[in-house]
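Labels run A, B, C, D and E following the written order; every chain starts at residue 1.
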Amino acid sequence: MTSRSRYLLGKIGIAVFGIFATLTLNFFLFRVLPGDAISSMARVPGGSVELKEALMRQFGLDKPLWGQYLDYLVQLAQGNLGVSYSSLRPVTDEVLRALGNTVPMTLLGILIAILVGVTSGIIAAWKHDTAIDNVISNIATVIYSAPTQWIAIMLVLAFASYLPVSGASDPFAFANDIWSILADRVKHMILPSLTLALATFGQYTLVTRSAVLATLGEDYVSAAKAQGYPVSRVLAYQALPNALVPIVTLIALSAGTVIGGSVVVETAFSWPGIGRAMYDAIVQRDYPMLQGALLVVTIVVILVNLLADLVNMKLDPRIVE
Amino acid sequence: QNGVLRVGTSFSCSSLNPYTTTQSSCLAALRLMYPSLGQASGSEVLPDLATSWSSDDKGAVWTFKLKTGQWSDGKPLTAKDAAFTFNMLLKHVNGPTARRARAIANVEKAEASDDQTLVITFKQPTSNAVGRLAQILIVPEHVWAPLAEGDGAKIATFPNDEPVVAGPFKLSRFAADQVILLEANGDYFGEAPALKGVGIQFFTDSTSMVQALINKQLDLVTPLPVTSVEAAKKAGITVASYPGLRFHSWLFNSSENQKASPEIRDIKLRQAFAHAIDRKKIAEVAYLGFATPGDSMVPKVTGDWSNPKVVPEKFDLDLANKLLDEAGYAKGADGWRTTNGRKMSYKVLIPTNVEGAEGLRALEIVTADFKQIGVELVTEQSDNATIAAAITGPDNTFADSTIAQWGWIPQMDPDFILSVVLCSQIGGLSETAYCNKDYDVLYDAQAKEVDPEKRKQTVWQMQEILERDRPYIVTVQQNNVEAYAPGWSGFIENPIGFLDYTSNRPFMSMKPGN
Amino acid sequence: MSALLELKSVRVEFAARGLFGEGPRVVAVDDASLTVGRGEIVALIGASGSGKTTTMRAALGLQPIDAGEILLSGQALGKMTGRALKDLRRRVQLIFQDPTEALNPRMTVDEIMREGLSIHHIGASAAERRQMIAEALGFVGLTPPCDFLARHPHRLSGGQRQRVAIAAALALSPDLLIADEPVSMLDPSIRAGILDLFARLRAERQMSTLMVTHDLPSAYHLADRVYVMNNGRIVEQGATRAVFQAPRHDYTKTLIRAASGRPVA
Amino acid sequence: MKLKAALTILGLFFLAALSGPLLGLDPGPIDVQHIFAAPSAQNWLGSDDAGRDVLIQLVIGALPSLVVGLSAAAVAILIGGTVGILAGYSRGWLDLVLLRIMDYFIVVPALPFAMVITAIWGPGLGHMIVVIGILLWSTTARVVRAQVKSGRERLYVQRARALGASHFHILTRHILPQVLPLIGTTGSLAVALAILTQAALEFFGLAGTGVLSWGTMIRFAFQRDAMLNDAWWVVIPPGLCICLVITACYWLAQSLEQKLNPRLHTTDLRIRSFALRASAEKP
Amino acid sequence: MPAIEVEKLNVWMQAGDGRIIHAVKNANLSLGNGGQLAIIGESGSGKSTLLMALLGLLPPNASVSGRVIVNGVDVFEGPEAALAGLRWREVAMVFQASSNPLSPVHMIGQQLTRLLVFHGHDPKRAKARMRELLDMVRLPAQCEQLYPHQLSGGMRQRVVIAFALACQPKVLLADEPTTALDPIVQAEIIELILALRQSLDLALVLVSHDLALVGRMQGDLAVMLAGDIVEYGPVTQLMTKPKHEHLRTLLAALPDFGLVEEPA
């Protein structure tokens, strides 16, 4: 085994352990919750003590916690996330479906946010203490300060007549050529993605600005000036690469909050994504669904952060030593 | 548009399994796809698959004459399918089909004596037998029989994403919690619907739903948020508002286990409280006039079942103060009443995700008024599961909670809502731990009574007991508020609402204009 | 009497680590042994990149070693803990080669100077410490001190930074000074002054010095003994005069020839 | 400038927050006649869906928003800063353990988690502060850890080690000043996140208590379809107040950062960054 | 047209504590194309500042007066584009070892190649030229793969020299270019610079503390003390007949070599 693969395996091992630990913690943490799936499921016309017990049996909730945990692990080992209490479909399907809706929307939003945030942050640092800097940082601050749900409603009001404001696609469209389906999807994505982008880009701007600004005091920046590099190159070659560590760290970190926070966006736009699924699952105490959704989110966030660690290692060789 | 009715709703539907889902919108959509013996209309049942029915003298054996039809996979639909369906439900009633237990209560067996005759035998006379049986959706034996084998666990996990149906519509697309699309079924055994198709879209945010209606992306919205009525009207949308079944209420913990505030079990105190709740103001402000002061747990829209003698207490703070004084709850110098050396202050549990902003506003109104009768109320809000646990907890002992604000949606038949306060429901649906043996006896009597008139008397009597003991104070009876775009006709005001889990009539009567 | 500092067969390797796995290993110090006795001034000279800095960092435990042993006053560095280690840190001072990186850009000269004093609770009162700092700055020619105390390192000239680093080390009255090219950026007169200072401190206080330098005349005049390093190995050692006048190793010969201004060929 | 503006804004809001309980302000009784009444001479910002004065509600709502937001952020920064520094500074198992814990909190989606804890603990402002604080500390910790990790390798930190400085000394004198600006920035991000999370919790009705705050105002505006009724005065002001408070916090952090970092202005990117004088006179 | 023309240059620096340091006082200098100028002087006397002023690279806390013309460009008042065009194409600099002009997160080779390409080198050939430069300053080839913190002090300084020579400038400002180098490399580098000066007709400004080295130079010598240029004239003349007290002390401090005897 080469040292390279040993290194990689080590990293992956840590990540796997992280996922496992998180899942175990989630399993028990959420079960400490008052209330259970059965009570709300049984609160229906026809509900009775017997129904409650039948449901408990059906979902294996009559077993002790440890037994449930073991069942869960065994299922998981078989790649089976269980069956959702509320939709009765395999959680894997449900989670993948939700993820399929969340990922493009979130990705678009985040990409816009990173693009706008980092660029504006760099410009603000470059023109620091000028009117441009003030305008950029203050706009970023103010927009970032606005509650997401509030941004959403403002966008809905402004664009409701031009763009769809709910759902991931036109539910009543019967067209089936790939292009019109795609166009429809994109149209639906614009407002939620934009909301997400607006709600997050501000922090990227501010962090980029302060990280870049911090490098401007270093000798290598003035050396770069001496070497005849114009401002844009100084920024691109010296200031930005040296500022990237905190920026990358923050972006990776925001993956967790963005996915978690997509609950708000997904609610405001009736977007059938993972955040919404998680919220519903918790309200309905749909544990299999909740665990499944958390597993996926966990994996995504851990992977993103792992990636950030690797990238940072590449970005700043001093970290490794 | 082109005969497709696009419905927007803030309810959701995540599964099309007819025996496990409890979501009313799923059931309403399934009712458009699957046949059933009849369709409810008020307290009546109109023929559907069954053209007529009759019973023996005791009301224990019911014979139904059925139409025949064709399932969407080409196989014939006969009485055998119906018999299979009932027998399957019976067999697994303690397991996968437990959710349908009430509808088939007391049924002993079902038989198809020929392709067009179904005979259902009850163990004992059962009130509203046809109404109950008509709730059951009939499924094709050839699809479900394999699922029903053994312990029937597969019934509960069957996703039913490509249902084999025989009703007026068949499924063309289903995306959980997003949309259900149906198209007219050419092989339907009954009269073809006026609609070519139906789409039901599920919204998590009411503002965007109303926007979609205004932007002509929807034809009908149910329920329409009361706060958007003005906006909808302005946009030329027709708004229908009429009495519905849903009520909101205060519930009091009646359990002896609750020791901290025993006075909460004092009927006099509950009486006084009832006079301090300004039902009219709640209806006008919280529900913007789309509600009426509530009275009995059996709503007035159910017609004769509701006891006319049970009426809302008049709002009178002086009277409430007087009643409390008389009951020995003296006001202290600071204006708050005390009992057993404690200030009278109660936590009011409220499940905000179901009671909504309206519920919170209603509670604010009451809180302000209660201040004037020297009783402090403290809101404690959370989601329904947490609140349900808090009400009954810990471990169903009802030892901690005192007051909660929550509601129910009764059925047109009073049986269900009356069952909620049975002793046997403690641990089940009971939210109050109310237990009255006399009441339970009456309940059993009405459940067996086949004569509607006699049953009515018993039901009325039960309502009077509830009014006396007040496990619940019904505060308001909510209107159904629904809106549809101009150009549509045939809208019926259905107490259960447009998405009716007991009847396909609202959809079947809708007609596209011009 | 045991030597103040003793390095026994020290080896230091660097792994040029990439993103995945490790690259080839560089042996920076290879089997280096070296001693500094009490009151002795020892010079370490040698080619650029030959491992001098690494050796010095290893001597103070700032650089993990891959083989060998380091003894300070006869005690193994790795085994020292707590008070002993802290006391050692006062008695042995290091002057880094790169004065800019070694001075915290967020601290003023005053704070930098005071840091060591306050860590080791030297000086009874603030006034006394101020006095000691002024004296140390005076030693290195940064006068008047008040001109410099409030400045941050990046507002000093290169030589001034270097002198701050020297002054900060001397203010602690160390027994052993390990100095990595301490005077490289100083003009001859100040340089001579500082080298004189080292000699004086040796005479007055028995301070030992281990100094890396490229300035052979300084080494020649100041050091009792020299070590010559090339390619990570100590290739020659001995009394200064002996080594300079009769170098045995080829590298030493070339070095001395180059320093005396003759063509190296 | 920024500092002054920030202090003024925060001061005003604190004043407002205090004046609520001190003056016993009351938005008036619930009033059917004034549902979504437009701004007028009596009600400068109109009235809400219950016919009560919006302006007075804004003033009253300031206290819980400020208290929860700022204290939760303080909790987050305290825990996050400490853990981040510890993890970044220590090598080996402590770092690993802390890192795993951080990962867990980063991975846990904030809202459901907050809900769980409020459900277990029961509602209350204090609980909300702790919940939000616990949710937010990990971000600060991760960012700080990364910075400390690279900062620990700087030569002047090694010099301090060679000087015999204790870990405490190195942390407080060298590492902390290095990461302080960063803690300031992520800290102000934390204030923002705290206030926003609070508003989001309230938006979902999970805040527990029936306390009037800006978040609940937005929630009611939302749920009662204020915008469909063209009642902008119900929706915009609470959102704007939240914006203003958070913006002020940022400004505060930014001005502090400028003060704390002497190196910030040793170079800039202009081709000529020095000043030119006309004469040789000593300035 | 002379390569460098300095008239009445004054530089003031804010020390940060309210004091103002007059770092360069009324300096006048001139250097012809291909000429040589050595600057010596006490530590802190303003040598680096003077050099930085020639490239217009003073920090924002500096203020200046006077006139500096380099290669026909008015550094203080000429168009910014001209000043930008001057840097590294015409005038290159070896930074003093006390500064860290290398980006810590890029490999040496990468930084050098980028500089070459930016200044118009054919990207395909830049790599080869980069290796050539590293070789020129006697750095082994694997150094291109290393980050600055992985180099020894002397190696870093050689990298900085390679940078300065990369674009074949017309004027080279060298601020103590060999302080961190051992005598062998030092001699080689000095030979290299002097050889390049000759072949490229380079104007050289050399700041050094090494009086022996300065003594070997042709051209002018400027001696600085506390911001003033106290002596200015041909090297040979000044070294033999120092007028100013300061230069005399500097020369006197020159340690006697004492090891000139041929080793046995």
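Note that a residue touches a chain if its C-beta (ideal position, glycine included) is under 8 Å from a C-beta of that chain, and two chains touch if they have at least 3 such contacts.
Computed from a prediction, not measured in an experiment: that's the story for all the values here.
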Contacts common to subunit A and subunit D (chain labels):
B, C, E
Shortest chain-hopping distance from subunit D out to subunit E
1
Of all chains shown, the one whose Cα mean is least distant from the combined Cα mean is A
Would you mind telling me which chain pair, A-B or A-C, is linked by more contacting C-beta pairs?
A-B
Select the chain at the greatest separation from subunit E, using centres from the mean of Cα atoms.
B
Chain-centre distance (mean CA atoms) for subunit B and subunit E, in whole Å, is 89
Averaged-CA centre spacing for the pair subunit E and subunit C, given as whole angstrom:
26
Rounded Å distance between subunit B and subunit D, as computed from the means of their C-alpha atoms:
44
Subunit A: positions in contact with at least two other chains:
33-35, 153, 156, 217-219, 222, 225, 267, 282, 316, 318, 321
Using the touch definition from the top, which residues of subunit C touch two or more other chains?
98, 100-101, 105, 152, 154
Identify all positions of subunit D at which a residue touches two or more other chains, and write them in rising order.
115, 119, 153, 204, 222, 227, 261-263, 265-268, 271
Go ahead and list every pair of chains that touch.
A-B, A-C, A-D, A-E, B-D, C-D, C-E, D-E
Okay, in this complex, where on subunit E does subunit A touch?
55, 57, 59, 84-89, 92-93, 95, 99-106, 114-115, 118-119, 147, 149-150, 163
Contact residues on subunit C for subunit A in the complex?
17, 19-22, 100, 105, 154
Residues of subunit D defined as touching subunit E within the complex:
153, 262, 265-268, 271-280, 282-283
Report the residues of subunit E in contact with subunit C in the complex, numbered from low to high.
13, 15-17, 19, 40-44, 47-49, 61, 96-100, 142, 145-146, 150-155, 158, 175-176, 179-188, 209, 211-212, 249-250, 252-261, 263-264
Looking at the complex, which residues from subunit C come into contact with subunit E?
14, 16, 23-24, 45-54, 97-101, 141, 147, 150-152, 155-163, 180-181, 184-192, 214, 216-218, 220-221, 244-247, 253-256, 258-261, 264
